[in-house]
Structure formats: structure tokens, C-alpha cells
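Working notes, structure below.
Here the chain labels run A, B, C and D in written order, and each chain numbers its own residues starting at 1.
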Amino acid sequence: MVKRSQTGARKQKTNKAADKMNKTMEKNKMKKMRKVDFTSSVITSSGATPRFENAVLVIGLPGIGLVSKMAVDHLARATHARRFARLYSPHFPNQVLALKSGKLRAFTMRFYEKSLKKRDVVFLRGDLQPLTVEGQYEVAAKILSFARRLGVTRVIAMAGYAVQRNPANAGEKPNVYCAATSEALHSEFKRLDAKPTAGVVPIVGMAGLVPAIARVYGLEGACLLVETPGTMIDPHGAKALVEFLGKWFGEKFDTHDLEKRAKRAEKMLRKFEEQSQAAQGQPAKTGAPAAPEPIKRESLSYIR
Amino acid sequence: MVKRSQTGARKQKTNKAADKMNKTMEKNKMKKMRKVDFTSSVITSSGATPRFENAVLVIGLPGIGLVSKMAVDHLARATHARRFARLYSPHFPNQVLALKSGKLRAFTMRFYEKSLKKRDVVFLRGDLQPLTVEGQYEVAAKILSFARRLGVTRVIAMAGYAVQRNPANAGEKPNVYCAATSEALHSEFKRLDAKPTAGVVPIVGMAGLVPAIARVYGLEGACLLVETPGTMIDPHGAKALVEFLGKWFGEKFDTHDLEKRAKRAEKMLRKFEEQSQAAQGQPAKTGAPAAPEPIKRESLSYIR
Amino acid sequence: MVKRSQTGARKQKTNKAADKMNKTMEKNKMKKMRKVDFTSSVITSSGATPRFENAVLVIGLPGIGLVSKMAVDHLARATHARRFARLYSPHFPNQVLALKSGKLRAFTMRFYEKSLKKRDVVFLRGDLQPLTVEGQYEVAAKILSFARRLGVTRVIAMAGYAVQRNPANAGEKPNVYCAATSEALHSEFKRLDAKPTAGVVPIVGMAGLVPAIARVYGLEGACLLVETPGTMIDPHGAKALVEFLGKWFGEKFDTHDLEKRAKRAEKMLRKFEEQSQAAQGQPAKTGAPAAPEPIKRESLSYIR
Amino acid sequence: MVKRSQTGARKQKTNKAADKMNKTMEKNKMKKMRKVDFTSSVITSSGATPRFENAVLVIGLPGIGLVSKMAVDHLARATHARRFARLYSPHFPNQVLALKSGKLRAFTMRFYEKSLKKRDVVFLRGDLQPLTVEGQYEVAAKILSFARRLGVTRVIAMAGYAVQRNPANAGEKPNVYCAATSEALHSEFKRLDAKPTAGVVPIVGMAGLVPAIARVYGLEGACLLVETPGTMIDPHGAKALVEFLGKWFGEKFDTHDLEKRAKRAEKMLRKFEEQSQAAQGQPAKTGAPAAPEPIKRESLSYIR
């Protein structure tokens, strides 16, 4: 179902014409590079930019209970999706990471693609939400504009919906709620038992913003809300979202390692936050705040 | 009096030329969609964009006593005005609403149009004012630039003018004051008993900004200030503004349900504000704050 | 010495060609109006935009002791300079004024022009400095870019230099210090007894920024610092600046009404500030804060 | 190894063609000047803009222990590098300096160039880091885009890495750590004994940001971290960086005056900070805060 764009044409034609085309493409890329001014976000692609027909964008960024991020990270891993682009943004922190491997890494959001049985899917994974209100709009716009160009027609975001009771303790499955910009999308989710909210519910951050303004780009948008007790990390809620999307995709995803990962992540997150608080005492001009106790790269899987 | 623009031509011509034109228009719209980057506000139109000669733009956004918003909401309803465009803005909150109906809604301002006996009128209704100073200028500019293109030549905004006494208690009609960028507009309002202010009065927010910088767009602007006791919601002041504009428009508008709506709105506003305060404790990255007690969609008529 | 630009050609030619030209000009102005988006500052001109050879821009904005604003306001009045342009900015407050006359006024900076004996001068008068750091750079750039187009080659700003002693009390004239981007300009001021500062002195705000970055526009810049006791309003310092510029311009300006105006202004400023503090308690969305005691328009001469 | 660009052609050809070319160049520069709007940073060049093949950009801005700034300031002085460009930015403070010499100076970053034996080097020296997160991205982009145009292919930044122990006291050399965006660059530094960090280390500010996003411009980037006790000024760490780069450059730099300068700088910095704190009490609109005790220009060598 995937139609590779011209820019992704494999180098099978080794004749002069192809060589010339490659050179022109390279030149154009160079020119484009120079003009990047980081007054707005930047998407860079590694290799071919895919083109789809009626693909779905599924967004997993940090939020309440980390349910959305955990669900999409899991889906991308489980489906062996291919990373094809990164989004850099001036609305991310002015901070980067020196890794144990010697790599120097900026904060980014990353696009992955996978052709599932019924649908082509683009996953958006990221370490954080843009830092300012205006920044959230700008990044949302960059994502939607790019998605449209890829051939995405539907945008699904997810979030935790904090409730008093803990569905996990009661041995129950948490409910999934749905709000959409189109009747069609809403009906599909309703058929899978997603309910509308009992009243008006405000959704703060990218999980609401991206699907809501998808309209402006001629795309359908929906936000799935899963009940969560509001703990730091809620693998139960993440699992419910994975299963819900599985039903919609017509696929079955194994979720048994979700809880294991979640525990490791929670431990590490606590450590990271203590560190961050220590670092915040430092003025912005400082080079590198002290890292008294090294963090293992692997345990950062939910941070970057 | 309304001259529909070419882009609004009804699909009466079903010949090939018309088909081709529609395709081209659609293509252009698609191209435009992709370029929307949300670094500034965006206006999207549903259906035909009207073109007028010497129309009046009447702005009703939240402010002191909600007088301006209530008046314009009432006028748009009473005249059965048609909504034809929406304004989205990065200067609105990074927050959207999941409605009981399953709809997902972003905060917007909305344009309505109506041909009254003496004048074509465009009403601007909205849930909120842009969040930052620079944002207020940017949105004001977008409104004025769009209004100019529609054929608007005069821009009227309204605001409450907080006074110690409560005119309603004294059984008196609140006074209406007027400040305008042109002598002509000022004279017209003066003839209807609007007075200049007794001294220099600062007007904060969009109610002053939009008509004041209308000059830059070659448009006349005025701000009507109505005496208000400064309560949360003042239907008395709103009524006075509706009656004042009615005289200017040469029409009589029934206002008997204004007070009833106002009471419902006040009750609901209180509830919403308590909720908002609870939500503010949540960090920006959270997904959806808890909504312990569902709010009825209907009661939100003055919020969105 | 003034060469009027083509756009200022008097309507002496009443033939068709001139008519056509006027229509084209009008159309272009209309097109330009629509595009104003207030993401940066806007300069509008009333009537002909003058063109000079080697004119001087003299900037008078509020600062320590109001010395600079008072001096330039006095010079513009004393020389009967003609106002020819206004600068609006999203970096000014989202606030406008309803005047006793019924006029609605936005905050602006205003350009005046006068051909003095030795030099053509452009005065820049304004009510305030842009509210943010980035805003100050943006407005400075707009001023310098416009000045360059007018034919300005030198930019003079002024500021108070707070000292412990009060030169006025000692019956002494306050010293004038000078810092410039070019040797030539510095020498001219040195010849008139302006001294370099005894050490490194930081200058905060537009008075330093505009002449310092004038270099980027190929213009010479200087900042004159006058000793001031740091009182709210210091007519003594303003007088010293007027006299200093008078010597440089080769003209003598009467300054006897400066002190009288200063006293009136001080009284009024105190009243205005109390009011502003009261108004600041109001949220940004409010319409018009109460003005318990009307301020006379005339007494606002140093506010707007 | 340096190839001068066309714009730097010496005026050896004194024939008409050259004259004409110069005039056109001058005109273009004039046009460009007018368009500078300071909504983003601006680079101005004095004289010819050099063009290199595979040059290295070495960045020295203030940070922990001032190690990076001191190292690059020392290298630029020791190699007698030539200044060829300045960067002005709206993300620097709205503040300038009146110098004892009568000069008026804006805050800038400055580019220097030098052809070393093995490599062409561009040094970036500056007084400060941009004030906001978005500003840091914007300035980083301007630097990288410019560097790319100059023919730079590698970007090296440095920072202090605060540790508990003081290597200097123990008579030991501080360790140098390295994180890079490319394997190749990392290997070269590893060969010179730079180690990867023991775990994930966050780097705050330009020292991490510029090399990390160098990728987006097709450039290799690395950040060198030197152990530092976290004192205000750490000449020991700066010396270690100079020696490390010396080895990489295949040159030996004398460092005996580094410590002497550092002591003078520390004394002066303390004085300057006290002054700055005093100045901060002043509102942004003030002209020039008092400078009770003059600072010697020379002693400011580490501030500007």
C-alpha cells in the first residue's frame, strides 16, 4: 500500500541521468539546510520519505500516567516500525544529552512507519511536549503539515483521564472515551465501545491540540482518553490503549512486557527528576550540571 | 446588498468550465492548508466567503461584566446570522474541549454575517481574548485584515465601564460612552446620546485595540463603553448595548431572554472557574485533568 | 535642503497621467494595508514622506528623569516641526486611550521633521519604550531602517546618568557625557565639552540600543548622557540637553517654559501611576478599568 | 588553504569593470542593510568573508568555570586570529556599554579566523549566551548556517563538567570527556584520551545545543567536557582544554599567562556582578544606571 516517493527511488538506475538527478537532489538539500533558521521546528528525514494513501498518524507523547507514550512506544517496537524522520524544535529545552556511548543527542520527536494489514500507520514518538503554548501550536502545525504531505488522513492522539477509582485494583479494564472532529471517526470508535465523555472535559496539551486543529489541514482527528488513577506511570492504562488500537487495526499485539518496562521506567524517572531539580538551581549559562550518579542509557528508554 | 465573491458562486453552472474551476479552487485550498504554520492566527471559511459594501464589524469578546460578549451573542442569535468563518490562534490556550456529543473542539473566534435593513453586519463572537499582549495585536491584525477584504469599513467594539453606582438598582438605564477614530463615526453615535468620556480613560484588551488600530487598515473604529457595576455578568449593561446598536441599525431587537440566559451563565461560570483552578495545579504536559462533576453542554453557551 | 520624494509630489499636475499615478499609489497603499500583520511594528505616514540628505535623527523616549523625552518634546515644539509618520507596535501595551474629545488613541511613537539652519532634523517622540527585550530590538530596527530610507545618516539618543549629587542645587550645570560608534561624531561632541564616561557604563533600553546598532544600518550613532539626581522628572537635565543640542545645531532655543511644564507633568504623572496600579489588579480580559477621577487631556502632554 | 571569496577580491584591478562591480556590491549591501529587522540575529562582516575547505569552528562562550570562554579567548589571542564578522542578536540584553574611550558598544559574538598547520580554524568568541531558550536555538542556527557557508564542516564546543574533587589541588590534570554526533569525530578525540561520559549527562546551553543540532546542517559536532571544581573562574580547566585542542591541531600553545588573566578577571567579575544586581532594581525604561565606581576597560576582557 506504500508508494515510495520519487525522492526515495532506489539507486537501480546507475546511468548518467540518475547520477545527475542525485546531484541535483543533493544540491537542493544543501541549499535547504542553509536556510534552516530554527525560528520554527524542523523535520529532517533519514533516507526515503514514504508516501501513503489514507494512512493514520498515532501520537504518543508524555502526559498523565505516561499512558500515551508507553502505548505508542510499545506499538512501534511490537510492529518493528521503521524510523524515517526526526522533528527538532526551538520549543524543546536548550539542553542535550551526552550518552555513555559517546553520542551527543538533541531532544526530538521521531516518526516511524509501518504497513499493517488494514492500514498504513505513522507513529510519532517523543520525549516531551513543547515548552510554551505558542510552541505547542507551532509543533502541532509542523506535524500536521508533514502528515498531510505523507498521505495521512486521520490523526489519533491519546491521553490519560484521571479518575478517583483505580480500575486495576478492582480487576476491571479501564474505560476508553473518545472525542473526534468527524462523525465518521467517532462512529468507528463507538463501535469498539469507546464512549463520549459524560460532560465537557478540557484536554490540556498536544493530545487534544493536534487532533482538534487537524481540521484546519483537512484531516480527521480524534483523542482517545483512558481512565487512569493518575500515578506517575500507569502500564494498565497503556495496555488498554494498545488493545483498543489493536482491535481498530485488526491486529493482536502482545503486551506482556509492558508492565516490566513500566517498573524499570518508574524507578529511573524518579532518579532523573531528582537530578533535574538539582540542575535547575544552575543558571542557563552553565555548561554541564553535575551528574553525581550515572544513569544507565537503557533505563532512559522512556525519557529518550 | 451582499455581493457574493467569485469563490462563493453557487454550483449552478454544471458545465465543464465550472468543474475545472472547482478543481483548481480545491487544489489551491489544499496547497494553502499545507502551508498553515500556526505561527500566527488562521482563518478558515466554511462555504462561500461573502463580500460586502460598507459593512460594519461588531465585536463581542469576554470582558468586564461580559456585556460585550452577551450583546453580540444575542444580536447574532436574534438576527439569525450565518456563521461563515472561524479564527484559530496560537495565542489561545493549548487546550481543547471534549464535548458530551463526542465532538472535539478547539477554542476559536467565529464570524457571522447578516444583511440588516440599513447595513450589512459581520458579528465576531469568541470565547476568550488572546493570552499575551503581542497575541492581542496579532489577532487584532488578522481580524482587521480579513474584515477589510470582506468589504467592512467600520469596526465597533464594546466594553463595560466599571462605575461605583449600580444603574440597575436605581432603575436607571446605564449611560453609553463612545470613543472613535473618526469624527464621522463619533457624530453618529453622539446623535444617539453616546457621550465622550469625562477624562482620559484607558481601555485594556481587544475592545480598545481592534477599533484603535483599525486606522492602520484604512477603516473607521469606535469603542462603546457601557456603565456596569462590575459584577461577573451584567445583563443590564448588555441590554443597553443591544438597544443602542438597535437604534443605530434602525431595528428593534427583543431582549427579554437576555436576563434568563445571563443567570444560567453566571451559575455555570462559577462552576467552570472552580474547575479551572483545580486544573491549573496540573503541569502543562498532562493529558486531561479530572472533571469530577460533568458540565452540561448547554450551560456552556457563554464559554464556547 | 529637503528633497521631497516622488510620493510627495504636490497635486499641481491635474492632467490624466497624474490622476492615474494617484490611483495606482492608492491601490498599492490599499494592498499594503491588508498585509500588515502586526507581528512586527508598523509605520504609517500622513501625507508626503520626506527625503533628506544627511539628516539627523534625535530620539526622545521616557527614561531616567524623563530628560530625553522632555528635551525632544521641547525641541519639536520650539522648532514647529511637522509630524509625518507614526509607529505602531505589538511591543506596546494592549491598551488604548479614550480621550475627553471623543478620540480613540493607540500608543505610538511619532516622527517629526524640521529643516534647521545647519541640518535637517527628524525628531522621534514617544510615550513609552517597548515592553520586552526582543521588542526593543525590533522597534529599534524599524526606526533605523525607516531613518535610513529618509536619508538620515546620524542617530542621537539621550539619557539621564544618575549621580549622587544634585547639580541643580549646587547651582551648577549638569555635565554631558558622550559615547559614539564613530570617531567623527565623538569628536564633534567632544569639541562642545561632552566627555567620555570615566569607566564602563551600561546603558539600559532604547537610548543605548538604537544608536549602538545604528552601525548595522551603516549609520553613525551616539548617546548623550546628562547628569541627573534621578528624580521622577528633571527639567534641569532636559534643559542642559536642549542647550547642548542647540550649540551643535547652531541655534538658540528658548527653554523658559520647560520647568513650568515639568511641574505640571510631575503632578499628573503621580496621579496616573496611582491609577495604573489600581488598573493592574484587573485581569487582561477586562474592558475598561474605572477612572474615578478624570484626568485633563492637557496634563497628559508627557504621557501621550 | 584559504580561498578568498569573490567578495573579498583585492582592489588590484583598478579598471572600470572592477569599479562597477564594487558599486554593485555596495548597492546590494545597502539594500540588505535596510531589510535587517532584528526579529532574528544578524551577522555583519568587516572586510572580506573568508571561504575555507573543511574548517573547524571552535566555540567559546561563558559557562561553568568560564573554561570554554577562557580557552577560546586564549587560542584566538595566541594564534593572532583575524576578526572578520560580528553577530548581533535580539536575544542579547537590551543594554549596551559606554566605554572609557568614548566608544558605544552593543553585546555581540565575534568570529575570528586562522589557518593553522593542519586545519583552518574559525573561533567564535562572545560575552554571553542568548537570554531565552528559543533565542539559543535561533542564534545556534545563525551560527551554523553561517559556518556552513564559510566552509566549516566540524563544530567543537566546550563546557565545564562540575565534579566534587578539585583536580588542581591533587596536582592532577582534569579529565576531558567527549560526546559527538559522528563516529569519526568521536574516534579522533578518543585517540587523544577523551573519554565518553560514565552515564547520561545533560548539557545545558549553547555548548551542547550548537554541536548537537549541527547535524541538521550536515556538519559534524562535538562537545568537550573538562572536569572543573565549579569555581567562578577555573584557569586550570581552561588550560586543559587549550592543551587538548593543541594536540588535536598539532600545535603547541603557550598557556603561562592564562592563570594571571584569570585572577584579574575573577576580581573584576565580582565587581561587575554587584553592579548588575544594583542595576536590576531599575525598571527597563531607565536610561543609564549609576556606575558608582568606574571599571577599567582592560579588566573587562572576560566580559566583552
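Basically, a contact is a pair of C-beta atoms (placed from the backbone, for glycine too) under 8 Å apart; a residue touches a chain by one contact, two chains touch by 3 or more.
Here the structure is a predicted model, which means the values were calculated and not measured.
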Both-way neighbours, i.e. chains that touch chain D and touch chain A:
none
Residue-number overlap at the chain A/chain B interface, same or different (half cut):
different
Approximate Å spacing (C-alpha centroids) for the pair chain B, chain D
50
Can you work out the whole-Å distance between the CA centroids of chain B and chain C?
35
Multi-chain contacts in chain D, i.e. residues touching at least two other chains, fall at 131
In graph terms, nodes being chains and edges touches, is this line, ring, star, complete or other?
ring
Interchain contacts (touch definition) - all pairs
A-B, A-D, B-C, C-D
Which residues of chain C touch chain D in the complex?
40, 61-65, 67-68, 128-129, 131, 133-134, 136-138, 140-142, 145, 148-149, 158-164, 177-181, 186, 190, 196-209, 211-213, 215-218, 221-223, 225, 230
Which stretch or stretches of chain B touch chain A in the complex?
29-30, 33-39, 42, 44, 88-91, 93-106, 131, 135, 275-276, 279, 282, 284-297, 300
